[in-house]
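What follows is subunit A paired twice: with subunit B in the first complex and subunit C in the second.
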Partner chain A sequence: MTETIIFYMLTAVILLSALGVVLLPGLMHSALCLGLCLAGVAGIFASLGSDFVFAAQILVYVGGIAVLILFVVLLAGSASDKIVRQVNDQWLPSLLICAAFFWAFLKITGYFSGIPAAAAPSPSVRAIAALMLGDYAVPFELISVVLLASMTGAVLFGRRKAQ
Partner chain B sequence: MTEETIQPKVLEPVFNHANGRLLMPETRYWPTDMWKSPWSLPTYRRGAAVLAGLILGIAGVAWFIGEIGPRLAPIYTLAEQFALSYGVPAFWIAVVWTFIKGVFVLLAPALNALFAVWWERKISAHIQSRMGPMYVGWWHGALQTLADGIKLFLKEDIVPDCADKVVHWLAPVVVLIPAILVFAPVPFGKDLIYANIDIGTVYVFAVGGVSVMGIIMAGWSSGNKFSLLGGLRSAAQLVSYELPRTFAVLPVIMLAGTLNIADIAGFQAGYWGGIVPRWFIFYPVVGQVAFIVFLIASVAETNRVPFDIPEAESELVAGFNTEYSGMKFALFFLSEFAYVLLSCLLMSSFFFGGGAAPLPFLDFLPSWAWFLSKTLILMFCFLWFRWTFPRFRVDRLMDFNWKFLLPVSLLNIAAGGVLIWLLS
Partner chain C sequence: MTLSYYLALSGLLFTIGLFGVLTRRNVIGILMSIELMLNAANINFVAFNRFLYPGQYAGQLNAIFIITLAAAEVVVGLALVMAIYKNIKSVYVEDYNILKG
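After this line comes the complex of A and B, so read on.
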């Protein structure tokens, strides 16, 4: 009962803010709605009982990526004006693409939608750590190599041109 | 006819024993005038007696009250049995209990702001040889913050014409709500904790980071270039200093082997050789470096001097909160002081053993008293820094973080690994 109420409240927040990302005039409002949407997803994680994914979602997505997007919008000049038309006339292809993705997601999630969630959050940090640094250590380190490469690339692009 | 000339009343200065010099009678002096002879022995004796009386009195009250957490548990059980006997469902008891606990957590930042603002004004005044607030309240302007709070409530709420109204209204809320939510997994003493969750440390850093969004919102929505610049700088600083702050705690987590803040504090119980407490600050090199990095990054994270260039009055007209007035402005300050309290609570949990006594024979005082005194001493440092160091320039601020604090904290993680290997 409680879980259902919380689930529908969070879903309403996520869907409305996701619509806001697409429909609101002004890039800044869209970016803020994106932050709210990601926070709602974190709430879903918390209600499903996975505490670490909840905290990581807030830490990385709301506190990191949404803030980064806000920075980009602030530094983008006239794109951060209060009212900017954000849509072009290609709404029909985008609608079709979205419908295709929606159908695909519906098919995929249909396999897992009947699985009940754990009632209370159970500590999952140790299990995640054992998997990340034990069984899956090599893929985990490979991801960090990718991150290192992208950071090096950013430094290269960000460096001033030699006189 | 005798003419009676009215003689003007001649006042002679009288020696005042309280401050050891000549004062005019029937004259109201400024509080600062009463302080002109700084080495007057009677004043100092009285001050020392008041201070010692305060400390001993608070310690006595704490000893008399004893541990709060274990004493509240039977009261809760009693109330629960009472409610159950009237057929209240257990679910609703849990909901009501959560709300009651939530009110206490909400009180922590509010009362802290009331006290800390007054304390900061007194400390700043005494550092600058002033008296600070003296009139409101019965003792040394003790109710000054309350009066200021009422004043802020009554003030007009001004919203600029070119402001984005909704975002402008939401920004203080987005800053304040995380500042209250972060107190959930933080212990205030033995068993005095709202939510004893397993990922407390990650939760605190994650939720605390959401406030950055509110600062950007405040800066952007004000429709003012100084606010925008201040918001950008402030957000950049907060995002940058979060990294060394988080990395500084990693050796603590590695040693304690848990992310639960209360468990980390409990891990440091006990004494080496019966005298030196097993606090993390006393672990050789790693502990001290971690503490100093965490302290510096915490001061920067709360946007306080010397790291307050984003809200500097002289450079940016007070930065992101320029266009805020009344209670909205006060909310920014409430959250700033809430984060100061949070940093001090975290430091006393991570590095100073939480509620443990510094010496074995002192443990007759309850854990919450030790927690409170450690937190207040650390908070004094925060307020002290503000009136001691000059501001950083904005580029040096960033250089200091990325080129000094971050490498040091990364090296410290490696040193922490070596320390664990040596200890095992």
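After this line comes the complex of A and C, so read on.
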């Protein structure tokens, strides 16, 4: 019972703040809604019993990406953004495409209806560490190379041109 | 709580993000909508791991990889946005036509 109540509360937070991200005209409000939505997704991870993903979501998404997007909104905004229209003319075809996608998702969801949770969740940090340094060692190292490359690229794009 | 509730939630979140990608004019808004879509995929990974493969952790590990790749993606994307903004002083995607010959 408690799990159901928590799920519906988190769902309401996630979906309303996601609609705020997409529909609010002010980009600052959108970025704040994005932070709230990511925190709600972290709550879903916690209710699914995956503690390490929950911590990583809070650290990387809420603490890193949302703040980074907020900084870029502050740097790249201008006063005219409040009066300029923020959506394009294609909202009706977009709505139809989204309706088609959602219909397909609902059909797929029907195949998985009625599968209950098998057991109570257990702490997963130790098992994930064993996987990261065992079977998944090569993807783990590749991810660190990708992070290093993206960091170098960001520094390269962000620096001032040499005179 | 069964698996289908979580799948429906992630489907709705993905659809909202897709709508944002298709209708936003602001490039930072498009990046934020892409983050929503990545989060929907992460919910799917963790939910399938919890309900279909209890005792195994590859789904959660994939979610962590996706979080890391999303961080890399948003860093490079925002650096590109700032580099373009320094040149043409606009964040609206209709103005991004400097590659046109």
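To be clear about the criterion, the second predicted complex is superposed on the first by the 134 of 163 C-alpha atoms of A that agree within 3 Å, B and C clash if a C-alpha of one lies under 4 Å from a C-alpha of the other, contacts with A are read in each partner's own complex, and residues count from 1 in each chain.
Everything below uses one rule, namely that a contact is a pair of C-beta atoms (placed from the backbone, for glycine too) under 8 Å apart; a residue touches a chain by one contact, two chains touch by 3 or more.
Owing to the predicted nature of the structure, the values given are computational and were not obtained by experimental measurement.
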item: Touching partner for A:L147 - first (subunit B), second (subunit C), both, neither; value: second
item: Partner chain in contact with A:F52 - subunit B first, subunit C second, else both or neither; value: both
item: Subunit B or subunit C, by number of subunit A residues touched; value: C
item: Partner chain(s) touched by A:G63 [first = subunit B, second = subunit C, both, neither]; value: first
item: Which superposed partner A:A137 touches (first subunit B, second subunit C, both, neither); value: neither
item: Partner chain in contact with A:L16 - subunit B first, subunit C second, else both or neither; value: neither
item: Touching partner for A:L74 - first (subunit B), second (subunit C), both, neither; value: first
item: Touching partner for A:L96 - first (subunit B), second (subunit C), both, neither; value: neither
item: Overlapping contact positions on subunit A, where the subunit C interface meets the subunit B interface; value: 52, 56, 64, 75, 121
item: Contacting residues of subunit B [partner subunit A, same complex]; value: 91, 164, 167, 197-199, 202-203, 205-207, 209-210, 212-213, 216-217, 219-220, 228, 231-232, 235-236, 239, 242, 259
item: Residues of subunit A touching subunit B in the complex; value: 2, 28-29, 32, 35, 39, 51-52, 55-56, 58-59, 62-64, 66-67, 70-71, 74-75, 80, 82, 121, 123, 125
item: Complex contacts: residues of subunit C adjacent to subunit A; value: 1-9, 11-20, 22-26, 28-29, 31-33, 35-36, 39, 42-43, 46-47, 49-52, 54-55, 57-58, 60-61, 63-65, 67-76, 78-83, 85, 91-92
item: Touch list for subunit A against partner subunit C, complex; value: 3-4, 7, 11, 14-15, 18-19, 21-22, 27, 30-31, 34, 37-38, 41, 44-45, 48-50, 52-53, 56-57, 60-61, 64-65, 68-69, 72-73, 75-77, 81, 84-88, 90-91, 93-95, 97-98, 101-102, 105-106, 108-110, 112-119, 121, 124, 127-128, 131-132, 136, 139, 143, 146-147, 149-151, 153-154, 157-158
